[in-house]
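Contents: one structure, followed by commentary.
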Amino acid sequence: MTDIATPSARAGAVQDAILYLDGITVSFDGFRALNSLSLYLEPGELRAVIGPNGAGKSTMMDVITGKTRPDLGIARFHGGHDLTALDEAAIANLGIGRKFQKPTVFENQTVYENLELALKAPRGVLAALRFRASERQRARIEEVLGIINLGRQQNEAAGGLSHGQKQWLEIGMLLMQDPELLLVDEPAAGMTDAETMRTAELLSEIARRHTVVVVEHDMEFVRALGCRVTVLHEGAVLAEGSLAAVQNNQDVIDVYLGR
Amino acid sequence: MIQICQRAIRLLLLLAAILAAGPFSANGARAGAFEDALPVLTGKGFAAVGEAVDALAASGDPRAIPVLEALSDGDLYYRESDKAVFLARKGGEGYLLTDPGTGEAAGTGARGDFQKIKTNNRLRVKIRTALGALGLFSPDPQVRIAAARSLFMDPDPALLPLVDDALSKDDDPGAREALDLARAAILIKAGEASTPADKVAAIRILSQSTSQGARALLGGILLDDGEGSEEVRQAAGKALQQIETRLSRLAFVENVFQGISLGSVLLLAAIGLAITFGVMGVINMAHGEMVMLGAYATYLVQETFRLHAPEALGWSLPIALPFAFLVAGAVGIAMERGVIRFLYGRPLETLLATWGISLVLQQLVRTIFGPTNREVSSPDWMSGTIEVTSGLLFTTNRLWIIAFALIVLFALMAVLRYTAFGLQMRAVTQNRRMANAMGIRSGWVDAFTFGLGSGIAGIAGVALSQIDNVSPNLGQSYIIDSFLVVVFGGVGNLWGTLVGAMSLGIVNKLLEPYSGAVLGKILVLIAVIMFIQKRPKGLFALKGRAVEN
Amino acid sequence: MLSVDHIDLFYGASQALRGVSLSAEKGLVTCVMGRNGVGKTSLLRAIVGQQPVASGRIDWEGHDITALPSAERARRGIAVVPQGREIFPLLTVDENLRTGFAALPSRERHVPDYVFALFPVLKDMLGRRGGDLSGGQQQQLAIGRALVMRPRLLVLDEPTEGIQPSVIKQIGQVIADLRARGDMAIVLVEQYFEFARDLADRFTVMDRGEVVMAGSAADMVEQDVRRHLTV
Amino acid sequence: ADTIKVGILHSLSGTMAISETTLKDAMLMLIEQQNAKGGLLGKKLEAVVVDPASNWPLFAEKARELITGDKVDVVFGCWTSVSRKSVLPVFEELNSLLFYPVQYEGEESSRNVFYTGAAPNQQAIPAVEYLMSEDGGGATRFALLGTDYVYPRTTNKILRAFLNAKGIADEDILEEYTPFGHSDWQTIVSNLKEFSSQGKKTAVVSTINGDANVPFYKELANQGIKAEDLPVVAFSVGEEELAGLDTTPLVGHLAAWNYFMSVDTPENDAFIEAWHGYIKDEKRVTNDPMEAHYIGFNMWVQAVKQAGTTNVDAVRQAMYGQQVKNLTGGVAEMHVNHHLSKPVLIGEIQDDGQFETVWETSGTVIGDAWSDFIPESAKLTADWTYPWVCGNCEKPKYLGN
Amino acid sequence: MSNAAFPHAGHRPFLLRLGPTGTVFVILVPVVAILMVAGNLLLPPSSSFHVPAHVMSLVGKYLCFALLAMSVDLIWGFCGILSLGHGAFFALGGYAMGMHLMRQIGDRGVYSNPLLPDFMVFLDWKELPWYWHGFDNLAFTLLMVLLVPGLLAFVFGWFTFRSRVTGVYFSIISQAMTFALMLAFFRNDMGFGGNNGMTDFKDLLGFDLRSDGMRSALLFSSAIALVAGYLLCRRMVDSKFGRVILAIRDAESRTRFLGYRVEHYKLLVFIVSAMMAGAAGALYTPQVGIINPSEFTPANSIEIVIWVAVGGRGTLVGAALGAVMVNFGKSWFTGALPELWLFLLGGLFVAVTLFFPKGVLGIFGRRLTGWPLSLGMPGRTRPRKPVEDATGD
């Protein structure tokens, strides 16, 4: 592992930050999806990221999880790990978990198996061959099944779940992974207002022990999170601050909230 | 030695006859020589026929030309009853006869009554020389060029005066060039009879040419221990080197051409698959059989022509194209409606079903047409070679196939890109359920898409019937290459198929001269395997989010 | 008008709809609500013909369409904005929109201007592949695509999912405009209660594959509805 | 049993069906003819046809099934050498008889196989001698072209040794091999042109196999290679292969066989007529392996008659010295090395898809199981006359008791 | 579905864990093999229960094919890797065994060379090529039978999986691999007997290959190998490892985001599968008496996949069943209906896909969910699960 001794003024920030993005640029055939984006998160922080459709929120998560390699810029985890040099599995094993915007679950496996696959446990080949769930692990799966309200469907194939149920299952899988940094892309989409609130509570609770980044378009939800908000626009940070501050920012109103 | 003398005398006689008569006239030909020579043809064995050929040549009689040509083509017969010689063509029940003396039709004859006058390769060479000598003074410059060329191929020192004479009278530049070359060849072959200076001059002329023939002549000088003159040897060595350099440059061009032509064969075989597999995602193991059906359709069309309109046989291929398209397309549609439509969303099962179908189709064809090869002939406009520059020959049928493959490809691209059907086809294959919800009748689109892919495979069969076996196994030999091309190029991308086919073809042909065909093929396969590591989705991979989900 | 009459729908052995009825009239917005997995999407699938019904009957404009394949229903003016967007990933935005032409007579084969006015981003990205768009952009494309079909029945399954607030407002406006034109029946599945309340003329609330409440917007008591939406 | 069973082991599907199906039909015809003559030993002959599907292990399986399951008395079959190699242990283990009708590379002798096709000395060597003769064009430079498998490799090895013995240097011999089913001959034909333009009279000896021939000849024609400039003599191209070709541009190229359909003898005329009658298609041709089956079958019939039984050991013993008239004239005789003596014919391709005999051996040539041109093999002999039996020994071995 | 809390309880008794189909398989295969061996060795040929020699080697061959099919099912059915080149591993195993058998011939070859096989003598080779050394030793040979295919699978898989070659791209290059190997083995210069391959084997461990005892031993070994292969596969598939590879099959990139090193999993499955195929090949060679490059033909490899599909993909037992059925059909039809058998076989394949989408085994495991043709209906997202599970709990 190479050490990063950036002689930059922000070296301190690098060291402290659990996630540190600087100058990230991603372009597709000339279109800049991320334009020198910089962002950093402190351990245990809960951060909401909002911004117009196409602002680059999901792309940012792609960069962090290794799905997309940035053209330029630095992405570090825990100060030392260069995310741009690692592959998806390595990043996941560092403790970064993600819920995708479009729910992706293992359709041919049961809900229970989906959770078991996500369960935090050694990921190696031999470990998998030898693996047998402990009592505690099974209890944890039961617990999460309860949280995502899919206990009744635990032995049904995930492919047969409704759209919203898949969303929940994905959240459940994220919980099972128990990562240090959670990237949650539109968790409340397709949920009823009440469920949305519950999700917000859930995330706030998790954020007490973990670092969480949430992307959402639902302002009620963001308000319920009660955290710092970053607004992205055209691949860069447009504004940052409390929700109230951001909501009153004219630029944000123009490009995002509307009148 | 005696032989050479005899030959010289004979040719001198011929020469004298021709010179005495003056060119372009038959009047002066030694009276009766032609008539005397004919019966000799009916003698037993090749030796007798050989004598007759000599005599015919010596007669100087222009009537000898068609006789010799017929002999060479195996169209010369004699009647067993009276040993009368005829030019004969098969027609109806028996032969259509032509009298060699008068050149007029002489009725028909029953097959049993006639005996063919046999030739062998040695005689054919002899005939060619004779025809060369006889044709040097033809009024048609094309004939004179051909005559000079055949003298160049089989130079006979005794003919030098004849060639000189012809040169002095000819003012057609093409004919003169050919005559010059023939003269040079004769001088070189003349041994002691021509001076070293003559030979060096001849070598200089040859060194300008870029033909395998010139090279063979020059090589011959170097091999010939009898050639004493160091000067000649050196000149020949230098000239040979010049020719070789030019030839090796041409050889590269030729290799590339051959690569492109192999590439277009691969392309043709693969385009249909690029639809059924590349666009629709059906692992279509019966693709090769569609190609085969196209080839058999061609055969059927040709048979029909042979039976009913043999004179229009040249039209059989253009007619076979739509026919093959329809036949293979119809089978494709039947396949889609009958089996494949139940398998969308289960691409791997299509492998099983289409494999089954391919077995059935093969056996069906075997049962109907028999297991053996069927003859599909090339029309005249597709045979022979085109000389691009001296020494660089492109075969006509390959040129046609290249052109044809590109036309098919671009036509298909246009259909996909610019027609509503093309759009619906792509929509259906990407999301069948949603396409339906947009009002696209996916069943119809599926059937016709599969039909289109199969139909294209069918017309590929028309082209392949020109260069390969028309047998029930035809398809099997292309299926692996077709998949390789489509996948190498990048599934779902026609440009990829084009570039994939061409690069495989060219690489293969550039390797082959060095590694041999077997190793060449192995190397190409390994190269593809390595290449896919670099580009795991093929040459023209689709990138981005759109493909990931 | 659309009338869905006591339909049952199964996925394999499990029943997703039990005797569900619904009606929608031109010029009105009928809103279907309910928690996750209660069968809203299944109901819409039955209406547009993506999933066969085991019993019951669906009528549209006076004809029984229960047995019609979905392409034929589309040709009778039924368009859908499905859940999960389902755009054609490898077709460009432009081509995605043009797939809507299949159900149209040739003189109507153009993209109406208001589609681009509503979703300017589509105009900017005409040449980009649908699959490359961001989630919200895809959702906009899916709505635009349905509008291209000039439907007489527009079926929307959670159309606001993943869309930024300003555009949600506009979508609400458009739905209101379309309703106002009076020639289109709209069936809207929506979880976002305020959005639904602002638009709906009628409500149907589902639970566990059954209709548990139905009525005009005026009759609905927010508390009752919300009760059915919480776990 | 009330019938005498004859097994027919030819592929009816797969790559070899193209050649072998005809042989199955020919065998059925011969059996039908024999039955019309009253059968054999007072019993009818019964054909048992199976399809080994061009799959070599399946050949062995089918052979075993024929012998132990169907209990056939004799088997006629195989085309490729590998199929023969595959069934050979089965025939030896179960002591049954196989008649193998195709020209092959030699270097094999089994007491359970009668080789009715040509050994290399009955085909390749006479052909090359002809090419070197004045009539054949006096070639002094040779391109040996073949499919990359054992038959061409062996044949070419023998030919090289032969040519070297005739004073032809290695640089005047080009050996080129191609994969099975090779269909793109552009490069090789160009190479041939080049090879032949070095100032020496050149000829091509082709051991190209089956399917690959049609595209090869099509390419020859297209590149305008004339037989008088560069003759190609082939050992695996017969009437059947030519039937798939327009032979007009190929007139003059050669083939060496023990039989040509065009040979004018009463026996051959009768055979062709019977064949056309049987197959109900006037266009179908006959070929050398068919004649081999004709000879083999008739010899077997004679041997059975002579032995008075179909018992394998008795029939084998009765086979030696058995004579059958060749369709091309002369008499074929079975020798104790299980090979025939046959005439060798060289034919030129005609524009009607037939061969015209241009040369033939004055008498017959005895097939040689072990080539004299391979050192290890030259010392071997084969003699299967009981009790002195051995297929590969320097001195006959005694088979005890 | 009563064991909801423990859907994968791994601590049930061994046979119960296998489920009914697996249990029947594990018991039936050795029992049948023993009965056949007994029928062959103990009963006189006159008895109607005597099993004739050709049936013995036929069944032995089917069992080898069954093992081969199972190896393909492991990677295809469970990990979604469609290898169209698996015949190569089978052939390599077969060649390794063939080399041993060749060496056993010793000086009994036609040229009586004690060291060199006939084809080498004939090609004028003077000494044994280096890669032939050691094959006179059976233990070494058996090691190579597993090692050579395993190594090829490792090298091939290492590169392809690491560069994320998937789907048809993998299929086609695996086909290219076997095709290239076929061409290479056709070459005489390679030193493996060229197109004729190796035949005329005499004995193994000093016992005559043509003796009844040897045939019985080989048949029995094949049966044991098949059961062992099955148990090995089940061990892998039933563990969490099995669920990971299923996850890879269905959503490879999602599995990566969960932190699984997809390429390691694939590689292990691929190597195990290749070794199984190699073992099948090694048992096959002495029983059919020939090994040659036609085993490398791509069509052969495709056929293996066909067997799996016929029997039922992702079921292991089904794959074995499919292999036996198709090959039995082939053996039978080619003898009984030589002119028609391709129609029958082709028709069978089509029929199986249409009417038994889960393969032949699926007939037994299928619940009556309606007319199979409705599976082509749009909108069908019925999850496909291994039938084994359905019958297993």
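For the reader, a short list of remarks on this structure follows.
Every chain is named by a letter (A, B, C, D and E) in the order it is written, and numbering of its residues begins at 1.
One rule holds for everything that comes next: a residue touches a chain if its C-beta (ideal position, glycine included) is under 8 Å from a C-beta of that chain, and two chains touch if they have at least 3 such contacts.
Chain identities (UniProt): A = Methionine import ATP-binding protein MetN; E = Leucine/isoleucine/valine transporter permease subunit.
What you see is a predicted model; the values in this text were computed from it and never measured.
Where touching is counted per the definition, the chains common to chain A and chain B are C, E. With centres taken as mean C-alpha coordinates, the chain found closest to the middle of all protein C-alpha atoms is E.
With centres defined by CA atoms alone, the chain at the far end from chain A is D.
Between B-D and B-C, more C-beta contact pairs join the chains of B-D.
With chains reduced to the mean position of their C-alpha atoms, the one farthest from chain C is D. Work out the mean CA point of chain D and of chain E, and you get 37 Å between them.
Separating the centre of chain C from that of chain D, both taken as means of CA atoms, is a distance of 75 Å.
As a whole-number value, the distance joining the C-alpha centres of chain B and chain E reads 45 Å.
Across the assembly, chain B contributes 362-363, 433, 436, 442, 476, 518, 521, 544, 548-549 as residues in contact with two or more other chains. Multi-chain contact residues, meaning those touching two or more other chains, occur in chain A at positions 28, 102, 160. Annotation for chain C: residues touching 2 or more other chains are 11, 50, 70, 132. Only residues 48-50, 69-71, 74-75, 79-80, 82, 86-91, 95, 98-104, 129-132, 145, 149 of chain C touch chain B when the two sit together in their complex. Within the complex, the chain C residues that touch chain A are 11, 14, 35-37, 41, 83-84, 121, 128, 132-137, 139-140, 158, 161-170, 191-193, 226, 229-231.
The touching residues of chain E, when paired with chain A in their complex, are 1, 4-8, 10-11, 235-236, 239-241, 243-244, 246-247, 249-251, 253-262, 264-265, 268, 381-385.
Chain D makes touch with chain E in their complex at residues 12-13, 49-53, 55-58, 60-62, 64-65, 68-69, 81-82, 85-86, 88-90, 93, 107-109, 148-150, 153-154, 157, 179-180, 374, 376-377, 380, 391-392. Chain E meets chain B in the complex at residues 76, 82, 159-160, 163-166, 168-169, 172-173, 175-177, 179-180, 183-184, 186-187, 253, 298-299, 302, 305-306, 309-310, 313, 339-340, 342-343, 345-350, 352-354, 357, 373, 375-376, 378-380.
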